Amino acid sequence: MRESNGTEITTIVGAVLRAMGATLKNLFRKPITVHYPDKERTYPSRYRGLLALTYDKDTGEENCIGCRLCEYVCPPAVIKVEMLKAEKRNYAKTFTLELYACEFCELCVQVCPTDAIVMMKSFDMPTADRREMLLDKDRLHAIGLKYEPSWATGNLLRDMQTPPKAPAPAHKPAATSPSSADPVVPRVETA
Amino acid sequence: MLDVNETTRVEMDWSGPERLQMNMGPQHPSAHGVFRAILGLQGETVVDVDAVIGYLHRCHEKLSETLTYAQYPSIASKTDYVAAMTSEFAYVMAAEEIGKFEVPRRAQYLRVIVAELQRIASHLLWLGTWCMDMGGALGGGATIFLYCIREREDILDLFEALVGARLLYGFFQVGGTRYDIPDGWIEKCRATIDRIDSRVGEYEQMLEDNAFFLARTQGVGVVSRELAQDVGIAGPLLRGSGVNFDLRKNVPYSSYADFEFTVPVETAGDCYARYKVRMVEFREASGIIRQALDKLPSGPISSRPALKSVAQIRIPKGEAYARVEGPRGEVGSYIISDGSAKPYRMKWRGASFSNLSILPHIIPGHKVADVVAIMGSVDPVFGEVDR
Amino acid sequence: MTLAALPPWLMAVIASFIVLNVVIGMVTYVTLLERKFAARMQSRIGPYRVGPHGLLQPIADALKLMMKEDVVPTAADRHVYNLAPIVFLIPCMLIFATIPFAPGLGVADVNIGILFFLAVSAMEIVGLFMAGWGSNNKYALLSAMRAVNQIISYDLPFIFSALVPVLLAGSLKMSDIAAVQQGSLLKWFIFYPVIGQLAFIMFIVSTLAAENRVPFDILEAESELVAGFRVEYSGMKFALIQLGEYAHMIGSSFLGALLFLGAWSGPGPEYLGPLWFLLKAMFVFLFVTWIRWSFVRIRVDQILALSWKALLPATLALLIATAVVVVWRTSAGI
């Protein structure tokens, strides 16, 4: 225990007043609380929220071709897909995603060749029963139509990781809405 | 040479001792996770401590044998979940060492920026929870806790803009990183770092000369230099006891050799010394981030093709141990690869696991209230301890 | 039938009934005040949703506590355990008996008002120890032992620092002390040169410690001994203990306002006196709360060392100095 003598009293008193002054200063600062759910904070464009399946913008067909790459890459193995073969292209017969066990790691989005599975900019799925979070294909499509998708789709993420060598890419990475455009810092291929 | 298996027992020379065995159980507001300490008390003094861990064991090492190198980095963040970036860093570095993969310069700089931001965030959490343990959830400790969390939220916002997630990232990938920085991130990062620097200055002002704080932390939990080196602790615990060892300087990895920073070392070995070490580390980390942002090279962020399938990353046979200076100490990952897409064996060296072994040596002799102060300054995260 | 025609015992009963109810009402809303004040200091908003800006939160809390299941540990000492909250609460309520809220408006403004207040407020330690002992819980016992140490050590400086205004006023009667401070702002004892300020600071420090507030709240120490001596209490018994703690807190604030801040003196007409008194008591309470939310706590041996080695000699010296100054002033006629 420190001995108290005259000079130390001033240090102690000074320190006490400084600490109290810091608290007082914060008393007059605006609180940083966001009144959720009345107001929501703005989520960044790459936000990893709920998962959803998408439709093609031009044709309106489902993007998912049932290739099962997402099922194999998922670390906790929450995705189950059955493929349905058809003449022009394949579809997913069933697509189940156990959202209660999902880690939100975005690996399924990363590997999807057709940008079929994406994450939304919302996590709004409060429920009292975990079984309601077992999403089937219809619910995944419904989520895709209800919320705003995040910027990250499979092709964009793969282009970011390794940019395509050809100057004119076959797919259009700028197919996202302007408000969620997330242009990457321009890079030059260096040695 | 110290016999590290011999734990300290303090014999009180009162006649008719009344020894009370108190369980600071796994559910406890200041156990920093799930930690059980069976304290033997004599009055108010701890004479004996028996540490029990394992409440958070989730079989990470076995799990890594079933997951490929592409999948596991997202899981690796869950060991040290407070400093997720450095955990992933160790695993990915070990895999790259076996496969002898080159990591592009830009990816290395991004890794350093992200690791240092994570260090700041982790130290903010440490400061908040430590003061809360010492000050009470209804008291001044909670005030400092909320201020630190307020600052930590800014860093988590940066990570959210970069990766999309706030706590567990999956940012690292074998060969580089998975994400590149978006527009406007650099300016936001600089503004955040400046703001955090000034706020940390405010906290120092609140705590540094504070007689209450000094009374609680000076002379408490002294770790002598010999004890520190014999028991095998690392990180701010080691540097608070006078040993100048920081992996970023002594065994430079990634691009740390490009940056100028000093390693804080204090000789007192008590809780206050460790506090000072971490406070200086805040500033040094901000300095490193600023340098990295200034010198950020352009280029690819991965030397391997983009992740398209789960078994894409195959690593030749071999084994390697990679070490990273996490906020808590040395986080290490030892991988034995058999040429396939999954490791044959992976072992984590958890920084907090080794740091916890100092507790039976330094707690006996202190009062019960000091136990929480010491636990806080050791700063364990039980995801790392139990894996 | 005028008020003066009622028999004195009936008047006392009515007065104490009113005072008790007002105190209980104040206690519940003082918790809300503390929560909002603390929240603003921490950059957040306190209770907000229950009622407009959280104004119905204390009612919700009270209802919840009343509806909770009363869990009694099997191995607890039943009689001690059940009696403890009541024994704790009674002294904390009794202290309001002697406080005059306006000249002539008090339950029992006895000649030894201050002595009664200080003596009775120290009796809460009995209830506290009963709670810790009767719970049959090591954490509670540890906390109760610390509590006995701490409250006994800090009652002496509390008494001595409260005696300084008594010496300055020359009477133990509370309304006399308040009456001396009427008239002008500078007559308040807190503005008495040097002695007043020192006494006020020591009073605040002793109050913090006698109240188990941070930085002296080692006995509840949520992060070590979760809730300390109250850990085994739930429901209405816990509510009684909470009530007692906050009532003691408010009582000490009122005492502080009366001793140092001039009680009911303030601008405006006479009937505003109790309002000023209330505002001053709230100011003292908020000051204590401000300190509470700014510091970490210190260990029990450091608390005891602070009391016996620093605060007690200081208050004793201050008391002697006050006596000397008072004698010198009366003899010199100023």
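For this structure, a couple of remarks:
Just so it is clear, A, B and C label the chains in written order, and each chain counts residues from 1 on its own.
As a convention for this text, a contact is a pair of C-beta atoms (placed from the backbone, for glycine too) under 8 Å apart; a residue touches a chain by one contact, two chains touch by 3 or more.
None of the values given here were measured: they were computed from a predicted structure.
For chain C, the chain whose average C-alpha position is most distant is A. Relative to the centroid of every protein C-alpha atom shown, the closest chain centre, again from C-alpha atoms, is found for B. Between the CA-based centres of chain B and chain C the separation comes to 44 Å, rounded to the whole angstrom. Averaged C-alpha coordinates put the centre of chain A at 26 Å from the centre of chain B.
In this assembly, the C-alpha centroid of chain A lies 52 Å from the C-alpha centroid of chain C. Of all residues in chain C, those touching 2 or more other chains are 41-44, 293-295, 301-302, listed in ascending order. Residue positions of chain A with contacts to 2 or more other chains are 1, 16, 19, 22-23, 26, 32. Listed for chain B are residues 140, 143, 147, 150, 206, 210, 215, each touching two or more other chains. Across the interface of their complex, chain B is touched by residues 1-2, 11-12, 14-16, 18-19, 22-23, 26, 32, 43-48, 69, 72-75, 103-107, 110-111, 113, 119, 150, 152, 157-163, 182-190 of chain A. Interface residues of chain C, counted against chain A in their complex, comprise 37, 39-45, 48, 290-291, 293-295, 301-302, 305-306, 309-310.
Chain A meets chain C in the complex at residues 1, 4, 16, 19-20, 22-24, 26-27, 29-33, 35. Chain B contributes residues 67, 70-72, 74-75, 106, 140, 143, 147, 150, 153, 157, 160-165, 168, 170, 173, 176, 178-183, 202, 205-211, 214-215, 297-302, 304-311 to its touches with chain A in the complex. Against chain B, the residues of chain C that register as touching in their complex are 38, 41-44, 138-139, 142, 146, 213-215, 217-218, 220-224, 226, 292-302.
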